[in-house]
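One chain, chain A, links the two complexes that follow: it is found with chain B in the first and with chain C in the second.
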Partner chain A sequence: MDNPARIDRRAGLAGGAVIAVLFLVILVPGVRQLGVGVLSVLDASYVRSALRLTVPIAFAGMGGIFAEKSGVINIGLEGLLIVAAFSAIAVLWWLGGTTGALALAFLAAVLASTAIALLFAVVCIDFKADQIIAGLAVWLIALGFAPFGSIIIWETVNSPSVGTFDPLALPVLVEIPFLGPALFRSTPPVYLLLLAVPFSWYLLNRTTFGKHLQASGEDPKTLDTAGISVRKVRYAGVLISGVYCGLGGAGLALNAGQFIGGGETITAGRGWIGITTYLLANYNPVGAFGASVFFAGLDALQLQLQRVGGVEISSTLVGILPYVAVLVILGFVGKTRMPGAAGEHYESED
Partner chain B sequence: MDRERLTRSLDRLVDATVLERLAISLAALAVAVVVGGVIVFLSGAVATCRDPALVLGGTAMCYDPIEVYLTLADGAFGSATNLGLTLQETTLLLFTGLSVAVAFRAGLFNIGTQGQMVLGGLASALAVLWVAPVLPASGLGALVAIPVAVLVGAIVGGLYGALPGAMKAYADAHEVITTIMLNFVAMGVAFYLVRNHLGDPTTDAVQTPSVPEFVRLSPTISGTRFSVVALGFGLVTAVLVYLLYERTVLGYDLRTSGLAPEAAEYGGVNAERNIVTSMTLSGALGGVAGAMYVLMILYRWQTSMPPLGFDGIAVSILAANNPLGVIPAALLFGAMKGGAIQIDFALGVPPELVEVLRGLIILFVAMPEFFRMLGTRAGYGSEEGAVATDGGSEGGGRDG
Partner chain C sequence: MSGQDGPSMRDSGGSKYAVRMDGITKRFPGVVANDDVDFAVERGTVHALVGENGAGKTTLMNVLYGLYEPTEGTVYVDGRPREFDSPRDAIDAGVGMIHQHFMLVDPMTVAENLVLGVEPTKWFGLVTDEAQAVADTRELAERYGFDIDPTERVQEISVGEQQRVEILKALYRGAEVLVLDEPTAVLTPQEVESLFAVFEELVAEGKTIVFITHKLGEALTAADDISVLRDGRLVGTVRAGETTREELATMMVGREVLLEVTSEPADRGPETLAVDDLVVTDDRGVRAVDGVSFAVQAGEVFGVAGVDGNGQSELVEAVTGLRQPESGAVTLAGEEITHDSRRERIEAGVSYIAEDRQHRSLVLEYDLLRNGLLGGQTLPEFSDGRLIDWGRTRSFVERVIEEYDVRPPDASASARSLSGGNQQKMVVGREFERDPVLMVASHPTRGVDIGSIEFVHNRLLDLRTEGVAVLLVSSKLEEVQRLADRMAVMYDGRFVDVVDPDAVTEEEVGLLMAGEYPDDYERGEGEKRATTEDRPTDTANID
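Coming up: the complex of A and B.
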């Protein structure tokens, strides 16, 4: 029944990809030279760094899907990432080098992000705030609090280096040629992400909870009539986005080992790119993950090429690619369909 | 529904809620100040300082929130220089606040003022650098160059606002998403252009050369960059926008086209075109803000412009999207920005506190239901009405 939509989607993605490639070919001088450079850096270590960069984008994107599918547009994903990244580093710094400190810091970050998401849920669901404005407020508060908190704790907007996750080689699996060292010598947040992608898809498409979630965003009245609390389902959707952003933000910070509070902070717009990924993928977690890998891969590529030298892609132009892609899809290809009741408050009759 | 009846119902909704909106804005402001004070007080326990404001059970509390707010006020209004700093911020916020308010009036949420301002400002600086050499370096030259700069800023900002407007009207792309994305694109493109093609080749900084002396708006208060001419222009613009929306047929059509496109079409209005017009107007005001920033503050375009576009959202929301309300709201946020340096300088409180306050104010204004509940609990009658953020006249129409 959703066949026409699916065809449009495929055409859209293909069109987007073609435009993306043209974009690179036209704007980047010395494409042939670039090709040689690209081939020389495509190795296992490149894949690992691309996956590390994927963590915050994909978690934010998948989290956003759960919130929006439930009917609450969470535009504050970027803010939640900032909160998680800051909490992770602050807690790790406070605990010092004790054993298990990394795991505790990771956990604390997820809790902090989830707590803010809970607050956002209360504001949107019980106090009927405009979701867009409340989400924007979450982002702006986090964006202001990041340098504020950093200065309070470290007396400068950036934290000192406090330690990172070590790569964890999975026995046996790491022996697989190429795939092994590329995928199975990663840090714990990357493994969590690789597990979270199929889990999210399953949760959304194959469980009763997933069905309730989708109904809550499409047709809350029917769900309500069936005796399911729209309020609870929406709380669950928003809280999942909080947990996911917690995992993404903590993963980002603990892979880097430092919090940067100046400018756009360490998250550098990755929460917004997360939003672009699920819009491009029409709310499919697997597609959002794919788009995240693509954008993070480009980012990593540009970093690697800088290191190899000789080839310079404008990092600025690579940086705006996700946004251009989503604008092209929304404006000219269309058919990213928001859940019918997303953004609207639902008033239960009883 | 005929136009007469629609007008009456819109008017009634607005009139019925003006007082409530004012109350909500003031209450939100008060709660944000209290919450901000608690944050400052608690963060004082973590911060390190030489003479704490208070010692609680062995924990040194570095900051006294009341002192922080008094210092903030002193930093904003305490001297002629401080006042000048406040007013120069106020002037810029007038334009970005109006930009957001104009879109909101038509039920459109323009988060893209920042990007419109960045590109408008860049175009404005380039236009000045281009025309200035052929003009006499005198007041006469300024009379030509300054209007050109403002006009070019408005045109480029307007076109950049028209883009998401057209995407909304003709492709049904949500303007919130498109304007956010266009902000990033604007910043990226401007950065790329200035760094690689248009920038000042004598420096590594990503910036254009300075505009010549005679084009700069001369400071009214010495020691600051505040120009009373720019403020006057901003105030006149606010009044004109108010008159446009409240007293003209075009303003009425713009409002209804965004809020109730079907009703507008039924009344013989081209709703799509009006949505594009609203966003163009909004973008043009953002572009003028960029031009003002170049002519009054920095005298050149430079990357990483301050987030005046996002401040504009706060200004507009606090003003309940009323163009005249934007004036006091811009002054309030201007004062916060102007006084921020002082709390850092005098008390060692990170000036980013005012950004936290900005977010809190937006958050609390966005949840009128919270204050209605408080009011009901305190014994006042609960009243169903419009929320403070729906564009000024949509009211409960969507749910009802």
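Coming up: the complex of A and C.
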């Protein structure tokens, strides 16, 4: 019998190879134009901007893991990000751009996103709505409501610039060569993300709550018979996804300093990419973070190349990469395994 | 009730009986599943509960386990009356149930499953103490001599091992009485043997075991006492050492006189269905049908009797085209159809009454018009190949509704709104009126009221008179005996024997259904298969 760990590694290698090939196909033209100068753009400021772009993707991805592990597929992550981004900017604009206001705006965004997630949980868990349809509704409502709110407040779909988080250099750590300026001169949402990754992993894999979450998504009846309320566990899973999307959406908006309501809004599909990251990582938050860094890194690279070398790489092309990668992984590598009861309603017999 | 108990009965732990159920009656709408059952299990013994399907065994155990509340009667555990609202109350009182479908989370480890919901924790209850969980599991497993690795995932261990994890899970929660619902149904013969060894270990530790089975041999081997249920009533409780298979079979099947056959045998025509050395595996990859051969002539009802789960479903699915056999051949009127699709078989005249009408025969949301067409959408009567002829469909469905007395007589009513009996009449009518060559009827009267049973039986016999070959599968022995011209008894994937239903006694059939041959029994025509000497080879076939 094959050792499961070895299968995992093999699958991981195959997936990695596929992504690397895709990466080259997209980047080779740019690299050729740039010649040897390619390495010069990969400096500390590049890493910082990549990490900033990682914030919404990784938070959405990790949040999605909590919901789906509990058995509720939350495809409304994108909508929650939009709600959070809009709330953060609206509150900040209303309060004026002081430091205390930034923290309040951040908090308000998390609350707003969590409130919508609560609504989603009620509809899906207590009223047994179809999770996919309810999730789409969250996204579509957010997609319509946020620009509408913008027009009411600012008379245009885009808000004015209202202020951003300043980079916060961590003493001592920032002195480490390269790593210091790359990691430890970031904005608070980035630090929060770096803390949230190991925290999420630990919560899922080591705590009693994590075990119950897993059982709830795999075999709710067994969990119920063991005396644990599936309903409560699922509520917790969905609410965590709301909190995480709140952090991600607020981080995104407060790094940019404004809300953009046109088109697919400022989130630009990052919630959807978040879903692809956890599918690629087979519901491991560390892996989802890694995939987020990779996709955000490509996005940042595309921007950086434009800025430094005047090289045009189609951002649309970079944008489809996550989806192509997830199709390849799901279709050909097949390592991702959804929780057994994800998407299914559970009714306790008591 | 408590007045009947001596003072010692109420003493905690002083009762002779670990479990006593007094006058248990459980009614469901229209059905009495348990009728005034008095059932008692002595502490530290293995007690088998036997009976035919539908005799009320599982209902009785679900009452004990708190899944059902009894309509009347009292449950005593340890001599004290108990009222269980949920399985959790039962486990708190020391009664643990091991269901046929295991309550285990497959991707989690053995230890994680064992402690689920009652985890040993550290750091103020936030974190599962996994080392402790693994140590607890290992200790418990060693105490009962189970060879189980606590860190393996449940999905990677065998079914027999999973069952032991379930047993350990109940023990970990403090179960003193273990109730197992047909624990041997999913096991290989070797695993059955080691399960019985586990029973001995558990009893030696002072535990009490109740297990449900319909296999008499197992009850006699593993149990100290055997209680027999029939039609919801307790026929009696006997000591395993003081009874015989014959006695148990008589108790189990009963002595009711069979209903008289209402019609004369029809003229037999040519051989319509021939099944040759058919091997079919079930969803788990186990051989469910293990080399079955038989033939059915036109104008003949060929019955297959047996306890559910002995391969009848897979046999029917292979004949109707719902499951591909591993090997062997199915021939319809001289043409081999082994690999034909279900649609091709419908077009060739194979009608099918499925055992689960709601899943296989009807789309509950559809109205009767569309349900009446279902499966026949490619037949020339209803379709020109591209479009459905709804006018002809409607007149067909209306004829079925009238002739088969489907109520309400409304083609636009949804199938869901009909009672079970009327749903079945609709299915029976649809399948019968398509002028089949072969009629495969699987449990055609399951869950149907008495009136509709008579109706379905008479229509089946009419069909025989019309010269259709009928393959009838049922776990109701009486039904097969009444209708069949020849009757095969199926056990463990094989035909134990093919007999003349009028020439055998219920006791003999009861034993055959349990895979045993009665003493001084002369076999019928079915000597093609399965002698007792064959048994070791067939165990080797099961993986």
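The definition used in the following text is that the second predicted complex is superposed on the first by the 317 of 350 C-alpha atoms of A that agree within 3 Å, B and C clash if a C-alpha of one lies under 4 Å from a C-alpha of the other, contacts with A are read in each partner's own complex, and residues count from 1 in each chain.
The working rule: contacts are C-beta pairs under 8 Å (C-beta built on N, C-alpha and C of every residue); 3 or more make two chains touch, one makes a residue touch a chain.
Predicted, not measured: the structure shown is a model, and the values here were computed from it.
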First (chain B), second (chain C), both or neither: which does A:166 touch?
neither
In this superposition, the partner of chain A with more touched residues, chain B or chain C, is B
Applying the touch criterion given at the start, work out whether A:211 contacts chain B, chain C, both or neither, answering first, second, both or neither.
second
Could you tell me if A:219 is touching chain B, chain C, both of them or neither one (first, second, both, neither)?
second
Based on the superposed arrangement, let me know which partner A:227 touches: chain B (first), chain C (second), both, or neither?
second
Using the touch definition up top, name the residues of chain B that touch chain A in the complex.
43, 46-48, 109, 111, 167, 171-174, 176-178, 180-182, 184-185, 188-189, 191-192, 195-196, 304, 310, 313-314, 317, 350, 352-360, 362-363, 365-367, 369-370, 373, 387, 389-390, 398-399
Counting only contacts in the complex, chain A reaches chain B at residues 75, 123, 126-130, 132-134, 136-145, 147-149, 151-153, 155, 263, 269, 272, 275-276, 279, 314, 316-317, 319-320, 323-324, 326-327, 330-332, 334, 338, 344-345, 347
Can you tell me which positions in chain C touch chain A when the two form their complex?
67, 85-88, 103-108, 112-113, 116-119, 121, 125-128, 130, 156
Please name which positions on chain A make contact with chain C in the complex.
4, 206-209, 211-212, 214-215, 218-219, 221-223, 225-228, 337, 340, 349-350
